[in-house]
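What follows is a short report on a single structure.
Here the chain labels run A, B, C and D in written order, and each chain numbers its own residues starting at 1.
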Amino acid sequence: MNIEQNQIEKYNDSLSTSHQRKLNFLKEEWSHVDLESIIQKLVDFQIAIPSWALGTGGTRFGRFAITGGEPRTIEEKIEDVGLLHALNGASGAISLHIPWDIPTNAEALKSLASSYGLTFDAMNSNTFQDQAGSAHSYKFGSLQNVNKAIRKQAIEHNIEVIKQGVALGSNALTVWLADGSCFPGQLNFRKAFENTLESLQEIYSALPEDWKMFVEYKAFEPNFYSTTVGDWGQSLLYASKLGKKAYTLVDLGHHLPNANIEQIVALLLMEGKLGGFHFNDSKYGDDDLTAGSIKPYQLFLIFNELVEGMDAKGMNHAKDLGWMIDASHNVKDPLEDLLQSVEAIMIAYTQALLVDRKALNAAQDNNDVASAQEILQNTFRSDLRALVAEARLRAGASLSPIGLYRELNVRQNLVKYRGLGTVATGL
Amino acid sequence: MNIEQNQIEKYNDSLSTSHQRKLNFLKEEWSHVDLESIIQKLVDFQIAIPSWALGTGGTRFGRFAITGGEPRTIEEKIEDVGLLHALNGASGAISLHIPWDIPTNAEALKSLASSYGLTFDAMNSNTFQDQAGSAHSYKFGSLQNVNKAIRKQAIEHNIEVIKQGVALGSNALTVWLADGSCFPGQLNFRKAFENTLESLQEIYSALPEDWKMFVEYKAFEPNFYSTTVGDWGQSLLYASKLGKKAYTLVDLGHHLPNANIEQIVALLLMEGKLGGFHFNDSKYGDDDLTAGSIKPYQLFLIFNELVEGMDAKGMNHAKDLGWMIDASHNVKDPLEDLLQSVEAIMIAYTQALLVDRKALNAAQDNNDVASAQEILQNTFRSDLRALVAEARLRAGASLSPIGLYRELNVRQNLVKYRGLGTVATGL
Amino acid sequence: MNIEQNQIEKYNDSLSTSHQRKLNFLKEEWSHVDLESIIQKLVDFQIAIPSWALGTGGTRFGRFAITGGEPRTIEEKIEDVGLLHALNGASGAISLHIPWDIPTNAEALKSLASSYGLTFDAMNSNTFQDQAGSAHSYKFGSLQNVNKAIRKQAIEHNIEVIKQGVALGSNALTVWLADGSCFPGQLNFRKAFENTLESLQEIYSALPEDWKMFVEYKAFEPNFYSTTVGDWGQSLLYASKLGKKAYTLVDLGHHLPNANIEQIVALLLMEGKLGGFHFNDSKYGDDDLTAGSIKPYQLFLIFNELVEGMDAKGMNHAKDLGWMIDASHNVKDPLEDLLQSVEAIMIAYTQALLVDRKALNAAQDNNDVASAQEILQNTFRSDLRALVAEARLRAGASLSPIGLYRELNVRQNLVKYRGLGTVATGL
Amino acid sequence: MNIEQNQIEKYNDSLSTSHQRKLNFLKEEWSHVDLESIIQKLVDFQIAIPSWALGTGGTRFGRFAITGGEPRTIEEKIEDVGLLHALNGASGAISLHIPWDIPTNAEALKSLASSYGLTFDAMNSNTFQDQAGSAHSYKFGSLQNVNKAIRKQAIEHNIEVIKQGVALGSNALTVWLADGSCFPGQLNFRKAFENTLESLQEIYSALPEDWKMFVEYKAFEPNFYSTTVGDWGQSLLYASKLGKKAYTLVDLGHHLPNANIEQIVALLLMEGKLGGFHFNDSKYGDDDLTAGSIKPYQLFLIFNELVEGMDAKGMNHAKDLGWMIDASHNVKDPLEDLLQSVEAIMIAYTQALLVDRKALNAAQDNNDVASAQEILQNTFRSDLRALVAEARLRAGASLSPIGLYRELNVRQNLVKYRGLGTVATGL
């Protein structure tokens, strides 16, 4: 299904008075700031939607009752992201996963995506699951495996994913390895590292000139004793040894308890090795909850480092890093959940853009800790949602994405078209 | 030093236009809500200041350069809290600690406190440190000690603290025990519990009829293997066995990583056994940072449970629980830090008051998780600071406490009067 | 397949000289202790095997290549536990799970189990997954659900499980609830508790007189914001309100990071409310690794409390608590993994039995912390495996269970009989 | 006081029969292994004692009753380490800390140390505390400080420490920085890193040719939001940028919860950047408990990686890394606590030396996870204490260090000589 432009406009009209009041209030409050350039940055900022997050998610205990109307094909997944993008104007890319998605006709897919204003973001390989018919199992790892034939299978899969991505116009490969061990003694850590590095080097050498490789790290799960790309330090080691096209990818849920993620982000940016983000939120582990649903202040602090660090390097906020959601929708309608995540990310980005850098630098130079806190909390406590809404308005999207989604009964329509029992591929 | 009412008024006048604009905007946005009653609740809500948090804090590695002008006596501590209360109108109580404070003339202290509009909140005993001249050391615990004479010394100290509190008009005793063990085998857990219970019972029997006893729990530190009142479950066990005057006290920094504190709060309220709070914030352990400086959303969620649970029981927000800050000011001016904590608490309380309970209940009854999240985040994302400021204005306090504090050079004046090298008793 | 007694004897003979040398050494070293009574306690001690742990496990990312020869039916699961029990003499019970197991002919199953020397341990209900054909989904909880009809379905399932258990001669019901929430606002914590309590009361009232109900707690997963029986304090609240047949069940992997589990165990024993154990080990969360594979000292410390606390209450080690393994075998042969878990548990129990209680009490009474540590570490550092082996020998089992398992090519035989592609029900 | 050789011999004679029985049993059990070379490695292995760990420790809540007889001077500290070394033959070095120790006459100190068979291990600088009379405070950091003059003061202090170390024959500088921040916004992470790097480079350039610089990391405390050398990844970044004399130092208590320290160790060894160790144990944070008192299996697993990795690089176990204890003795006699730590470390080292590497490699190559676990646990579960004791015997030390320490009433004698109220400098 499509959302028509006039449906959006009509809905926006109904909210217009309230929106303008809020926007005008902000314009008065922030009259010393060039809000127009802020709004333009918000218009430009796009967060990719992973193709596997469009269906109901589950845990190791299984999946509960599904939402209904889940996309059955890669085309329907593109349609879903198209719906999101029509609603929020900020989801203009889709990130595919091989083999949960099998693009058979790249040109047709590009054309379809383009009709929704979408591009293809980073490609994701999968060596954390066995595929029916595969010669080898990844039970004991893929790129790290002691068996060269298994490593070879995993390398070739990654190279195949690059090829698929080239055809679709993607320009990055995200390698998330579940490789690791469950028990002391299972692995020789050094050899596992060396095997993994060697395997990554082979994949790296297959990268087109303008591609990036994102090396994702994760502290634990599905291996529960060690992970072979377990933290940012290990990822940085690999990325540094691989070369200038290799970068570290940060997934917010992949850390040990209490980690200071914003500091990690700042240091990776400093080293020129931050590649991109997988947004989600968590309380315990890789909970894959809606971005900003548990620790919104942390999300803001991360964006605060991103804006500061990218500006210091003259980077383009919208283009020079990969922005993607990676969440699991166990108890919410996946599309609503994604709209909430994008909204939370946009709010955090806006708050970070409005931090008074000059005052903050001065406070830091004076060790005026109380003022530094006041400066950060001032933008965090401000209600900047009308700026995000205005950016959506200018992008032709909805002032209230979830509101319109419910108003138009999108889910019920999807169920009508696709059926109640469809299950999207993914987790 | 005192802050004169006309100084406050003059400063408020300078901020009046801006404040009114913000307040009017909120009145429009929340026209469906009785903001007047909200503001009255904010005026009534008071957060006690601990006498030991008025000086520069430190860690086990010592204390760095002090702020200067720290209070030298209990009278100067009362003066400091008076300053805070004059500035924010929400710090109308002081919580004393024996023997860091030794009240020698209760009537004079009551009169002094009263002149600042202050009352005496919960009294705090100390058996987590040895005092010069004590017969016994608490090295191996106080109320838990295997040595009856040491338990006796600790019991008598607590009873003495109650007496001091009675003279001052306090009506609660907070018992924080550092008791526990550093190594496996050091303690028999059961006997430690039984000794502690017996000791608490003796103290409890010395409580006046209208007093409460708060049993504080803490997961670790200064003992690093076990704590004898280690979590809410243990505290609740003691409080239940002690009787109806005994309650659990929650300090936000006293939990294991990732604990869901708001759920604990809800359950203790359900059981009628929540006694009060020590507010602070933390990232790693009992970091004793400014309230709301690390996890402001958690602070809001806690208040969300408090408001819901207290209303369900018909409790008086301002009077039926003990509200206190417990923080350590290692890198900020203590008075500024306390102003920031109180502000963060008031904001969280305001956000909780504005949650649309009816809509939230409906969402919960429909398992509409996305809406439930929207409802909570809507008030959290709203900028309600003008309501808190208005409450201050009505209480005769400052629209911007830290702003006025700096404008009046309060710290510099305190240094002038008290000297640069004074050190307040406490941690 | 069966393991014949003469196969065991022949294998034991080959190890006899070495075993006797070790045993004699221990007899000399511990000549001041009544080793015979220790060995008898080891012979008596039985650890139940869960029926769902006999197949290859997985994570939310799926299951890797299976081991082969997995049991296809409840009868084959009993056969597998029979094999374990023949090998180690300490796995004389099986714990069933409804509906992963559907006992259709209770008498035949009892007879089959009996032929292997097995009894039926605690019955496990399942409301953490939806079953095909169920009227209602547990997506938003079972016993806590806001919908009375869903609670009813879950209650009736539990009562049905009790009935099945009665027919099999079991005498306990383990209720593990996945109930909780994924997002702030999703649940009213108090109402969730009250609904859960009411539901448990209905189940409790269906318990036969000589049955126990075990209320298991878990900090997180599969819900990632709150769990409605989240910690020992909550479980104890339910169990206390339910009555004397209700107890808390401790699963070692169900805690927040750094929890002192041994203290929890000691306090639950003190309160007479410890019901039993699910043994496993973990580094991060509910990793369900082999018992003793990550923190063997913690396992010993837990048994140290168990032995001390049960002896203080005059409890029978073998009978008065429920002992069960609950692990997931993702990278090992499940039967080998279970043999390793049982071995680790038996070693920890033996070490705890040999702790010099009199000396430990004296050290505790003198606050001689260094000696207390020496006393505990002395038994932990001692190699007591020969005592465990001797208990096996006397029970007619193998001196080296894994050794014989491999010698007899048990797995290969199971594959031959059952096939390579069989998948046992469970996680 | 001194312990006379004949006192040791007499005591050893009394234990000889028992020791020989245990040793002979081990010789039989491990007849396939060259135990003589193992014992020689144990004789060679020395663990440095920090000068600040010879007195009673405390927490931020203060220090409880002291042990008595604490060393008052650097000479008495050397005497204490001499006592330890006489007792265990494995504490042949002392690690000084400036300015807790102020060596005024290097030659005399060297001569004194030499008389006890001691050398001077790594020198420790201190910029985590302010010193009376210093021009600048480190309240807002030392090497990271935004103020160049403060950085300069800290740099010069470190260079002074190097000079003192040169005079004493030390050859390493350990830099532990408490630098970091307590609140979001306080620091610009990038600038803090850059300032710290620049400062370290200045210190590095003052290092003698044969010296090493150890860059210690710590996740948190005394700063509770960020640490500027916060984890191994950051330390490795500094060490790599500094040059070949710079290494990472691992303190076991300086990690986030659940960190896999043994993997970190393996990777740092792989990179040639592991410099040394601070041994202690912990349950929650930097608890500074006795080595091996909480997680002895983890200690073994770390040594397992050390032995494997050092052997793979052809490194000398005793000389190529720095081994030191860093603990705090809050509830035990410091000397007894240190004896327990050294014993635990020697046991873990012995267990690691006896791991059947060939079999482990084979198991790893076959992904035989169960066997790999069996192999590691086999040495861990073996009682190898008699080998450690034999090494002590051959070194002229005591078969039972704590036993002799108590037999000779060492503490009582120290109290007699030094007095009851002496307090050693340190934490």
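One rule holds for everything that comes next: a contact is a pair of C-beta atoms (placed from the backbone, for glycine too) under 8 Å apart; a residue touches a chain by one contact, two chains touch by 3 or more.
According to UniProt, the chain labels map to these proteins: A, B, C, D = Sugar isomerase.
Quantities reported herein were computed from a predicted structural model and do not represent experimental measurements.
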item	value
Comparison of A-C and A-D (more C-beta pairs in contact)	A-D
Geometric centre distance via CA averages, chain C (Sugar isomerase)-chain A (Sugar isomerase), whole Å	40
Distance between the centres, which are taken as Cα means, of chain D (Sugar isomerase) and chain A (Sugar isomerase), whole angstrom	43
Numbers and ranges of chain C (Sugar isomerase) residues touching at least 2 other chains	139-140, 181-184, 186, 219-220, 225, 257-258, 260, 283-284, 290, 293-294, 297, 331-332, 367, 369, 373
Pairwise touch network: line, ring, star, complete, or other	complete
Chain B (Sugar isomerase) - residues contacting chain C (Sugar isomerase), complex	139-140, 146, 181-191, 193-194, 219-220, 225-226, 230-234, 236-237, 255-260, 262-263, 266-267, 269-271, 297, 301, 304-305, 308-309, 312, 360-361, 363-365, 367, 369, 372-373, 375-376
Of chain A (Sugar isomerase), residues touching chain B (Sugar isomerase) in the complex	21-22, 25, 28-29, 257-258, 260, 283-284, 290, 292-297, 331-333, 336-337, 340, 347, 367, 369-370, 373-374, 377, 380-383, 385, 402
Interface residues, chain A (Sugar isomerase) side, partner chain C (Sugar isomerase) - complex	58-62, 64-65, 128-130, 137-140, 178, 181-184, 186, 219-222, 224-225, 257, 282-285, 287-290, 293-294, 330-332, 427
